[in-house]
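Chain naming follows the written order as A, B and C, and within any one chain the residues start at number 1.
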Amino acid sequence: MYSLEFLASKLGGVVKGDSSIEIAKIATLSQAVEGDISFCTNPKYLKQLSETKASAVLITEEALDFCTTNAVILSNPYLALAQVMELFDKSPKPTGKIHSKAVIASSAILGENVTIEANAVIGSNVTIGDNVFIGACSTIDSGTMIGDETIIKSNVSIAYDIQIGSQCVIHQNSVIGCDGFGNARGEDGSWTKIPQLGRVVIQDDVEIGAGTTVDRGTIDDTIIKKGSRIDNLVQIAHNVIIGENTAIAGITAVAGSTTIGNNCLIGGQSAITGHIDICDDTIVGGASNVGKSITKPGMYYAAFEAKPRIEWGRFVARISKIDKLMARVKDLEKKIK
Amino acid sequence: MYSLEFLASKLGGVVKGDSSIEIAKIATLSQAVEGDISFCTNPKYLKQLSETKASAVLITEEALDFCTTNAVILSNPYLALAQVMELFDKSPKPTGKIHSKAVIASSAILGENVTIEANAVIGSNVTIGDNVFIGACSTIDSGTMIGDETIIKSNVSIAYDIQIGSQCVIHQNSVIGCDGFGNARGEDGSWTKIPQLGRVVIQDDVEIGAGTTVDRGTIDDTIIKKGSRIDNLVQIAHNVIIGENTAIAGITAVAGSTTIGNNCLIGGQSAITGHIDICDDTIVGGASNVGKSITKPGMYYAAFEAKPRIEWGRFVARISKIDKLMARVKDLEKKIK
Amino acid sequence: MYSLEFLASKLGGVVKGDSSIEIAKIATLSQAVEGDISFCTNPKYLKQLSETKASAVLITEEALDFCTTNAVILSNPYLALAQVMELFDKSPKPTGKIHSKAVIASSAILGENVTIEANAVIGSNVTIGDNVFIGACSTIDSGTMIGDETIIKSNVSIAYDIQIGSQCVIHQNSVIGCDGFGNARGEDGSWTKIPQLGRVVIQDDVEIGAGTTVDRGTIDDTIIKKGSRIDNLVQIAHNVIIGENTAIAGITAVAGSTTIGNNCLIGGQSAITGHIDICDDTIVGGASNVGKSITKPGMYYAAFEAKPRIEWGRFVARISKIDKLMARVKDLEKKIK
């Protein structure tokens, strides 16, 4: 239980209404009951804001007209929400203990207060910083270094000689440092595997989603710069460089040797081709295919929206008609002359 | 060995031909030999039906004209096939034993006849129902509940406080309850992680494919309703709600807070954007991008089909020509006036 | 350290320049320093070739004009690169030891010089060939056979009765032999799971990427033929047949019962629909949707490239205008008559 006054001062917001009320938990506008604090960060939900049973809400000045309960006014309620949620977070916390069933090479160097869960496997010469958490059944191969306060969830595979910074989160079943897809084709069509000798370097404060794969570089390293956020089931190919604070949503493929700049937002289900550069502050819409370098910041799209079957068929057919239409216009032009 | 008569009565079908023959195993039309039972569930294979060496086939009345062997006539041969296959299924069955190398917290509560394979890790206060199977190296975090007769294959990660119903199947290397992709952006472009406090609730009789990831909700829960079927490598983001008996094919991304209704079919490689509602009985074609809510049941498409390179280039070029064509038509219209 | 002369003779190339120099390591053109050998396999990097600080480079005759350092002239420098890289590869090599924390069924048959890492789980009646490597926390279910010299990385799940050839590489967290997505729909919309009784047969010299899933066949087998290369996060559905030396890039979905021929190249983020045949020597561009059988070898595309938001909006709008344009042209044609 926190008073609204306490919460508002922690968030740097201004209370409209009764600041003495006590808040028991956080809830969404539609699910909230008395004693809850809620929030509105999207104009889509203004109607819900006007009808919520929450005892208080986190909103911007602009949303105040729609508010019928106590409010904390903030310039960025979404950011404030994160802080309130941390107060109410009941997720299990690291114990600082090494489980007796973890398998740790004698040459591994462990920092202070490290948590290693059951059946995790830590290879030779691995270096693990202070307050690191390593989940059950995760495997860390030889020579890999993991910075302070980094969290590695369950069933993660981290290959050899990988470098992971501090305060990173690597989610379940992701793979860091698997071989890049490098093969040389012989004249008979057969493939010879190209050894993948580079590393993956993940800088500080990076989040890697569940089931995501990050290939090691072929010769140089694959690099994910600090503050970036990668969602689930993303494929980062060898020698890709991801800039600072760039976010990439789920099921996106970034092909080999491509560089993505800082502060980019890449929508889910996107395809970024190989050997291109995407400049800082680029936004790519979901389900888009980026086939060329992008040199000007801005928003880029390539996805058509689903239409009812018949309408879609007509849509495709229309395009096919253009050549005939063109011929008819040419014919008309002749006749008029 | 089962007699055709026995099989037909079990399936509720009518035999055309010799019901006394013995069936040794099941095979496809093209691979079948004498003693096999086969099936035809797709008009594409009617030619194969007419040429099969199977001793019997499961077909509809309509396919009988193409049949040159003994037949069991059924209204839904695909459904019947499932039943016959169960009879011939030789997959390993749960032993009802807890492997000595499984790691199980003392506070975990296990039902009767539970199978837990080697190196699985069961956290504190986990509750596991009767006849549950948990595969090798799977990890179940604290507080999670798993209903009766649910099967969890190998290397699965199930996070804390997750709710999984009865008679579900969770395939290998999938992740249930990983954090949603929630980050608040500061003015300098840096991200603050939003704690993900909600759960995943999976109702009864749900199947989750291999390598699939289901994010926990941010505040409310992510919900997958009973009878639904999710294929491999699907991303279900935080606070998504999937309706009853809905099927989603592989490598589909469903973005955050989207609701998909009952009895929907979503094709593979599709992208469903966030914060939309898709109504009951919607069919989305493969590789389609759904960017808006769908309020009318029916079939929706957005994918172009691959064409030979030159043809595709021309196809794209055509569209670019329209503006010029439009200008020429305007010019003609003026001249005629 | 190897002399350039030694390297050239090993590669079957001709030295232009000083063949007596010593090479310490391999590096890319832009990162190379004195003592390094580099390479140019892509015309995009000819400028970097002209400016490199490498002591030697692997190039074709054609690139020689851009070269300002010692060179080894080769018909296929990419293939030569693979050989040089093997010389400089420092990745950890299999120890030939069975870790004491591996869990191996007594009925499993192991070849000579097998390496099994900690917490791997090998089921009953598994057969493992000579010199096989099985990574930490990987699970191999009963009856599966693995050929000589095959490498299985960490956290891989291989189901029961699977057949894997010799000299294959199965990367981290992939799943081989999970159930296909087979369900029969009842009249009330509910699904009945179809047992998946077939196997996966992976022939020799196949590479399967990290996080990739390969479904077992429903009745017949899913087959991946020798020499093929599958990248990360690819979904291969039940009863798919992949031909020899075919390469499939990341996040591609191949739906059930489709056959892909030999020597095909399938770009990343592609969708290949079910029940079709793709002939030998087909190339499918990235992010393409293949909805019909392909019977003529060649290159096939279906992806639009991302454009700036406004341009893309206009692009889509243009198509919608065609019907109106068509009407205006018809009108003009009438008037002229």
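Convention: a residue touches a chain if its C-beta (ideal position, glycine included) is under 8 Å from a C-beta of that chain, and two chains touch if they have at least 3 such contacts.
Owing to the predicted nature of the structure, the values given are computational and were not obtained by experimental measurement.
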**Request:** Overlay subunit B and subunit C by their C-alpha atoms and let me know the rotation angle in degrees, rounded to the nearest 5.
**Result:** 120
**Message:** If I list every residue number at the interface of subunit A and subunit B, are over half of them used by both copies, so same, or under half, so different?
**Reply:** different
**Request:** Would you mind pulling out the distance in Å between where the CA atoms of subunit A average out and where those of subunit B do?
**Result:** 24
**Prompt:** What residues in subunit C touch two or more of the other chains?
**Reply:** 119, 137, 155, 173, 211, 233, 251, 269, 304, 319, 322, 325, 329, 332, 336
**Item:** Residue ranges of subunit B touching subunit A (in the complex, touch as defined)
**Value:** 103, 119, 121, 123, 137-139, 141-143, 155-157, 159-160, 173-175, 178-179, 181-186, 189-195, 197, 211-213, 215, 218-220, 233, 235, 237, 251-253, 255, 269-271, 273, 275, 284-285, 288-292, 294, 296, 298-302, 304, 315, 318-319, 321-322, 325, 328-329, 332, 335-336
**Message:** Going by the contact rule set out above, which residues of subunit A touch subunit B in the complex?
**Reply:** 26-28, 31, 42, 44, 76, 78-79, 81-82, 85-86, 88-92, 99, 101, 117-119, 135-137, 153-155, 169, 171-173, 205, 207, 209-211, 227, 229, 231-233, 244-245, 247, 249-251, 262-263, 268-269, 286-287, 303-309, 312-313, 316, 319-320, 322-323, 325-326, 329, 332-333, 336
